[in-house]
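Chains: A, B, C, D and E, in written order; residue numbering restarts at 1 for each.
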Amino acid sequence: MSNTGKNASQNFTQTELLVHALVIELEAVQSYKDLAEQMEQCGNTEVAALFDKMSKLEAEHAEKIREAAGDVELTELPPWEYRWPGLEPPENIDLAGVHYLMTPHQALELALENELSAMAFFDAIAHDSTDDQVGSLAQEFGDDERQHVAWMKEWLAKYPPPDDDWDYDPDPPAAID
Amino acid sequence: MVRRMSVAAPCKLKASDYKSGTKPVWCPGCGDFHVLASLTKAIAALALVPENLAVVSGIGCSSRIPAYLNCYGFHGVHGRALPLATGLKVARPDLTVICAGGDGDGFSIGGNHLLHACRRNVDITYVVMDNEIYGMTKGQPSPTTAPDWDSELAPGGTGVSPFHPLVIALASGANFVARTFAGDVKGTTRTLAEAIGHPGFSFVQILSPCVTFRPDQREWKNKVHPPPVTFTTDPAQAARRVMTDDGFNIGVLYKGSRDIYGQAVERNAEFERDLDAEFLV
Amino acid sequence: MTGQPGMSFSVALLGKGGAGVITAGDMLLAAAARCGLYGLMIRAVGPQIRGGESAALVRLSSVPVECLDDRFDVVLGIDWKQAEQLLSEIAVDADSIVVTDPAEDAVPHSIAASGAVLRQLEMKELAESVSGGRVNMVALGYVAGLAGISQEAIRHAIEKNIGRKGRQAVDVSVAAAMLGFSRSQRSAAPQTGGGQAGNRWMISGNHATGLGALRGGVRFAAAYPITPATEILEWLAPRLKDAGGTLTQAEDELASINMAIGASYGGVPSLTATSGPGLSLMIEGLGLAVCAEIPLVVVNVMRAGPSTGIPTKPEQSDFNAAIYGLHGDAPHIVVAPNSVTDCVYTTQWAVHLAEATQAPVIVLSDQFIGQAIVVADPVPAISFFTKRKVAEEIPEAFERYAITADGISPMPLPGTAGGQYTADGLEHSAAAKPSGIASDHSAQLDKRARKIADFDYGQHWADIEGAGELAILTWGSTASVVREALQRLPDKVTGRLKLITLRLLLPVRQEDMAAALDGVNRLLVIEQNHTGQLYRFLRAWYDLPADVDTVHRPGPGVFRPGEIATRIDAWCGE
Amino acid sequence: MVRRMSVAAPCKLKASDYKSGTKPVWCPGCGDFHVLASLTKAIAALALVPENLAVVSGIGCSSRIPAYLNCYGFHGVHGRALPLATGLKVARPDLTVICAGGDGDGFSIGGNHLLHACRRNVDITYVVMDNEIYGMTKGQPSPTTAPDWDSELAPGGTGVSPFHPLVIALASGANFVARTFAGDVKGTTRTLAEAIGHPGFSFVQILSPCVTFRPDQREWKNKVHPPPVTFTTDPAQAARRVMTDDGFNIGVLYKGSRDIYGQAVERNAEFERDLDAEFLV
Amino acid sequence: MTGQPGMSFSVALLGKGGAGVITAGDMLLAAAARCGLYGLMIRAVGPQIRGGESAALVRLSSVPVECLDDRFDVVLGIDWKQAEQLLSEIAVDADSIVVTDPAEDAVPHSIAASGAVLRQLEMKELAESVSGGRVNMVALGYVAGLAGISQEAIRHAIEKNIGRKGRQAVDVSVAAAMLGFSRSQRSAAPQTGGGQAGNRWMISGNHATGLGALRGGVRFAAAYPITPATEILEWLAPRLKDAGGTLTQAEDELASINMAIGASYGGVPSLTATSGPGLSLMIEGLGLAVCAEIPLVVVNVMRAGPSTGIPTKPEQSDFNAAIYGLHGDAPHIVVAPNSVTDCVYTTQWAVHLAEATQAPVIVLSDQFIGQAIVVADPVPAISFFTKRKVAEEIPEAFERYAITADGISPMPLPGTAGGQYTADGLEHSAAAKPSGIASDHSAQLDKRARKIADFDYGQHWADIEGAGELAILTWGSTASVVREALQRLPDKVTGRLKLITLRLLLPVRQEDMAAALDGVNRLLVIEQNHTGQLYRFLRAWYDLPADVDTVHRPGPGVFRPGEIATRIDAWCGE
């Protein structure tokens, strides 16, 4: 199991922080892309478009982190060597949290949750880090996430919450083999 | 016009490079998406060359996985993935061979091959995406289904107690035994990488929810927990532990060091025997 | 609407997963039944398990129908998201009406190019205007209106389908449907009112198969799920229990067939159901049932092959495997229902034949027959007085595999004192002892062949219609298509034509066939597979007219009556 | 001219009355003769009525046993004895059903059915005459053969470790597990009687030497010994014991009390459902 | 001894288990070979595994022989304990010599009644006179003497057979044999010295099959033992290892065929061998190999069926299962060796065909061919330049299941960069993606049929001998019997006769057959099964002369040349 200790956020080096930050965004880019594809496959174009948009947003973010890294080379670690507070990178959208009939509102709620956890991740480092430079970089990343959180909330307000029976499918599933 | 990658070339592919681009037929939310993600990450972490990797499967939702990977694949018939993988690995020991499928494929119709693959200990990794159901045929009970789970085929439940794949694997001689939860991509990735790297027959049971026929399995993410103790190298101890656990222990449970089948054979030796001579009288 | 005998009206409802087109189709069929119409529905699906595009292909008619039409009168797309692949099965022309929602993507090119009349229907908007309303109900109301179905019938169908969800849910659905209905207008749909409400059945072939099995006396079933046979087993599970029997889920098909053999050895009529891959695994068990002389019914619902093939689509390509697949000389029986409703009869007959001959009987159904739902007249119960020739009184020198005149050796059931014997897949003497002696082998081979060849199959071996010097020979789901094709042809063609639909594929009925072919000088064999399996079988075993033609093509698409009518017409004119 | 024994008649037959008179094809000295003797004694001791007993088998030397018994028998195909027995018992719960065969039949080709028969727990007794070889096909290694046993098919040995049938049975849920030695007729008789009497799926492994292809097994009589402790009702404990024993412990090792499959069903009830009505629309 | 072309001498040695008749027969054959004779031996056994009566049926001849004679010149019984059942296969007449030991029971009634000449030989007594001497060696010496075999040859055969037991053992055996030899006297046995020592092979059909497989390039075999195929696997086990290959014992036949498919997918030519019950279990795997297009050889050594049948006896009754057994439309190849020695060639050809067409090939051998041991001329090695059409360079838009002119799609082997694809038993597109689309299905069905139908099988499809307006068509082990039968018939009969022995059973060769049947107006089909399986197949697929007759009867006894000659003679005269 991963090291999920509370103090995990204390001793990030700058490179480590950058690598973690980049991986968070890259994972998110991929996850949103996958989800967009899945929704497209199910004809849920509205949600597909949303996920697509999220993916692009995260891609921009990743680009920003690369810029921030400047000349520092960011080599990816084996997946299990990252130090995330939970099981997964904070902004890694939960693939299991989706449904082919989900509404844009639910999609945004999912995204919001992820932005929030990313924000908390960076905030914790900013707060706990003993290295000032790392601390301020984390603060910066945290603020970016705060911006995203604000957007999510804004968009959420535009979409009505789902009906009670939003996942009701009158038809039975198909057997294909 | 032809591309030919050198086999010896260093392989620095990203996890996403191991996806084939074919769109999965899976229901959004299905645990198998996580398994696909974990597997590509594990392969990328191990820097396996796509053309030297083969993923072999049977029939079922989970068994569709080879087509979604950028590697050699074989989507065989229901329940026979392990013999396919065995033949391939024995004939082509240079390849990394992974066998994948579901609980119906692997524990019901394919149960006998599991026993004997464990026993034989060929160097393959067997990944079972266990959703305690036959997903692809619309929700019939599998060998790991709880006895009281109501379904059309078994109204009111089967009344048959689920069997313990890990214990069976241990009793049959598997060389590496682990359980993971699909939603734990990081843990699954690490365990898969370890299993693939471990010599001999490695068995990984992945709890992989079927959101369509077992929406209750969305709860699994709250139930899984790491094992109370670290893995053992004593199969009898491991078996006893697993027989008495709650089924939600995740992590590596057993690592063995048995002899690997087919490794002793010297291959591509010159043909030495004069076959004709032996019939002369 | 085609200008055929009986007014027929074909509707395709398309939509992505969750849109509810299958439920709407189901209700449309039920509502039509209520108005005294007949009908049929099949479901077409994309590759996704959930959320993919699917289509309900519904056909309504004033007379019984058992196949799809060539074209659709109405195609309604709730959306057209991934409709392309499904549309290849849904032909439209300038006479067709295509209904689309202006809020959705435009109709696909193939439809637009057909010249069909486009009608806009704001399904989404209308549905949203009813709190909790659903687009599929709007669609239902609309097409029901086009089909001339009454509001009362729609309401009744909705009630029946979702009544268990409560008043509120029904009212909402009815309201949405009525909105659709109100936008609709009566087209040249079939006459309704031709029948009375409440005297129609709505049944799928797989359920009909289950019914036939129960009527025939089956009280044990062994199950291993496989598309498209699973519904037979799922339907049987609770009903067998009620009947004092059991359904046991097996670990694989090797187990399921052997469980059924074990149960039948115990005296309980037994069945299992599967499809191609499972049949392949049951071959060894079938041979055991032949040699040990155990009654057994194996229903094989064919799908496109070879190997895993196309599980959701029909094909008549397991013919060879069912007839010839067993190793050794292994006489057994193969029957085939020739329509959805005929599954009741043919399956019941299969149980009767198995019990009476102590042999395995394969029922060759297919995905179309099995999964299509028809509205039809109730299938009356019949009795074959099915009785196994059981040895109840055991004479002194009893021999289990005694050589008898009719080839059927009385079989003692466990529990019968003095009848103890060992059933065996090894060749054996009449006294059931293993034997490698030539005379025992040939005596048992002769007996096992004779009991099946000499059995009295009556007139059930084939359905024969019409008369003339031209004959068409077909079987299974193709039969309904041919039957309808003939109705479409002018009398001057059909007056010369005889239609022979084989129900008994094995054993061969040479005398019956000779009588049926008497006076026939040209024969056309029609079947749905790649190699003309029935045709080759007929050549092998029957004396055919010198002039034989064959129409065969593989799945996944089923034959359509117009297509076949054209082929027959051309053949007649040759 | 007809004899018809009343089913309810008290049955006071001798062991020899349960032999059919058919001469076994077995090699003189084969352990299976002992098994036949023990089985007839056990049946006689239980006073089972011949016509209410059915013995079902597969293919192999050992699987020939039904023909040598005076009862209903079924000599099925290789490896499928358990499904045959299962179908028979489920359909005819009034019969006593015994399933018998060899290690090849039961653990190799029939391995999957063993797993699932244990799991299902139908009330049958499964007797495996284990000679660690395929006798009838002239001496090929079976799943219980030692890895270094030399044979034509596996020159120098299979290199594959034997698997533990009793552990598999325990892990799969068998309700009664025992091991006996054919040469110990008294012990085998008692154990068989107990196994037949125990409700649910009882599994008895009988070490039954093949004098023709494994003359070394004549030594078994000096190796077997009673288990150090009495049976347990804890399958995990039993499994651990068996996984670590020397394979020559004989006696009853486990007794369980799981629910029996198919016992809940009420049989021959009047047919209550109006089948036609459900199709009316 | 029959008065046939070539001098032939048939000897049956009988004795209870432990008497060593099989070893004696083996040595007799080897000694005869040393003298330049040809010969054949089969073993007949009772039901016991050990200790039952068994018989070595040996035939020696000055010309190659591949079948048994109708009658025996000499029958020697070391004892007659349970000989009755075996004797049904051993015909004697007034010209036969029956050798019996006065210390044993009298000869059975059936023999005594034949009028055969009885000779007493004190085998037991003579054997006991040599310390450690055995009766079977006395018997060997005696019959070798009758057959005109030299003492040197006997000594040599004993040396070869038991030499590893040491000088002493050899000397004892030779001494005992010489005692028997000295009591013997030369009968009208075949001329010896017709050939040179050391240029004959002594080989069984099963070993010949193994040799053909190795010559063809097989380097992986999966094994599950079954009578009468096990010797193929046991012979291959050490030899594959030497050749850098592997034999893996599987848990069952489902595993063995899938292992072979897996290995072959990896690029290694693969084989498995079985008999009827195992073939039934391999049917699903065969279908997978068809659909996924994987080369594969399955040798099926037929025994009498159905089900477990009579495992130790031959029958040509798995023909239907091999040809038609697969579900769906599943084109594959079926070949049959037509003699013991032809197993080498036909199996090697099978490997070639499998590799070249990427399809499964079934080799239909039988218990007679497989377990008979012949002394024959060495079978020269040939080369088919077997090469799989492998995709080595992967073009940009590579498609694994590409539609090609010859139907054979280049196959990338794992390890080839860029060739990654998923082999599939689901129907698929050319690009190897699962597909349920009609055009993909029919394109792949067409391709899979075409690659097999259009392949160039050259002249190997059948062996054709003679010419005339009468033709006999046969296959497998029956072919040798027919061939010899024809040699026995007068020229005025055989001058009108053509013999067609099919080696390629599937695919059909309609043009070749038309050419072969050109000018033929009557056809006789001869085969060993109950239902005339080949005959029905020929009717189904070929245009046959109007007048076709059929000779078919089941096992367990093989046909004999005199019996067949009589049938042919009668048929010619009809």
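Quick note on the criterion: a residue touches a chain if its C-beta (ideal position, glycine included) is under 8 Å from a C-beta of that chain, and two chains touch if they have at least 3 such contacts.
Keep in mind it's a predicted model, so treat the numbers as computed, not measured.
**Q** Suppose you hop from subunit B to any chain it touches, then on again the same way; how many hops at least until you reach subunit E?
**A** The distance in steps between these two chains is 1.
**Q** Taking each chain's centre as the mean of its C-alpha atoms, give the chain farthest from subunit B.
**A** E
**Q** Please flag the chain sitting at the greatest distance from subunit D, going by CA centroids.
**A** Following the centroid criterion, the farthest chain would be A.
**Q** Report which interface contains more C-beta contacts, comparing D-E against C-D.
**A** Here the pair linked by more C-beta pairs in contact is C-D.
**Q** In whole angstrom, how far does the Cα centroid of subunit C sit from the Cα centroid of subunit D?
**A** Centres of subunit C and subunit D (C-alpha means) sit 42 Å apart.
**Q** Between subunit A and subunit B, what distance separates the C-alpha centroids? Give it in angstrom.
**A** 29
**Q** For subunit B versus subunit C, what separation do you get between their C-alpha means, in angstrom?
**A** About 38 Å, centre to centre.
**Q** Taking the mean of the CA coordinates per chain, how far is subunit C from subunit E in Å?
**A** Once rounded, the distance between the two centres reads 44 Å.
**Q** Spell out, as numbers or ranges, the residues of subunit E touching 2 or more other chains.
**A** Within subunit E, the residues that touch at least two other chains are 47, 241, 251-252, 254, 277, 284, 287-288, 292, 307-308, 424-426, 434.
**Q** What are the residue numbers in subunit A that touch two or more other chains?
**A** As it turns out, subunit A has residues touching two or more other chains at 41-42, 100, 172-173, 175-177.
**Q** Mind pulling the residue numbers of subunit D that touch at least two other chains?
**A** Touching at least two other chains: 77, 79, 108-109, 111-112, 115-116, 120, 143.
**Q** Which pairs of chains touch each other in this structure?
**A** In this structure, the chains touch in these pairs: A-B, A-C, B-C, B-D, B-E, C-D, C-E, D-E.
**Q** Which subunit B residues qualify as touching subunit D in the complex?
**A** For subunit B paired with subunit D, touching residues are 108-112, 115-116, 118-121, 143, 159-164, 167-168, 171-173, 235-237, 239-240, 243-244, 258-259, 261, 264.
**Q** Name, in rising order, each residue of subunit D that touches subunit E in their complex.
**A** For subunit D paired with subunit E, touching residues are 25-28, 59, 61, 77-79, 108-109, 111, 134-138, 140-141, 143, 152-155, 158, 212.
**Q** So in the complex, which bits of subunit E are touching subunit B?
**A** 30, 33-34, 160, 198-203, 207, 211, 214-215, 219-220, 222, 239, 241-244, 246, 248, 250-252, 254-268, 270, 284-285, 287-288, 292, 375, 378, 381, 393-396, 414-426, 433-434
**Q** Mind pulling up the subunit C residues that touch subunit A in the complex?
**A** By the definition above, subunit C touches subunit A via 16-24, 43, 45-54, 79, 81-82, 132, 134, 136, 227-228, 230, 308, 311-312.
**Q** Okay, in this complex, where on subunit C does subunit B touch?
**A** 47-52, 223-227, 230, 233-234, 237-238, 241, 247, 249, 251-253, 277, 307-308
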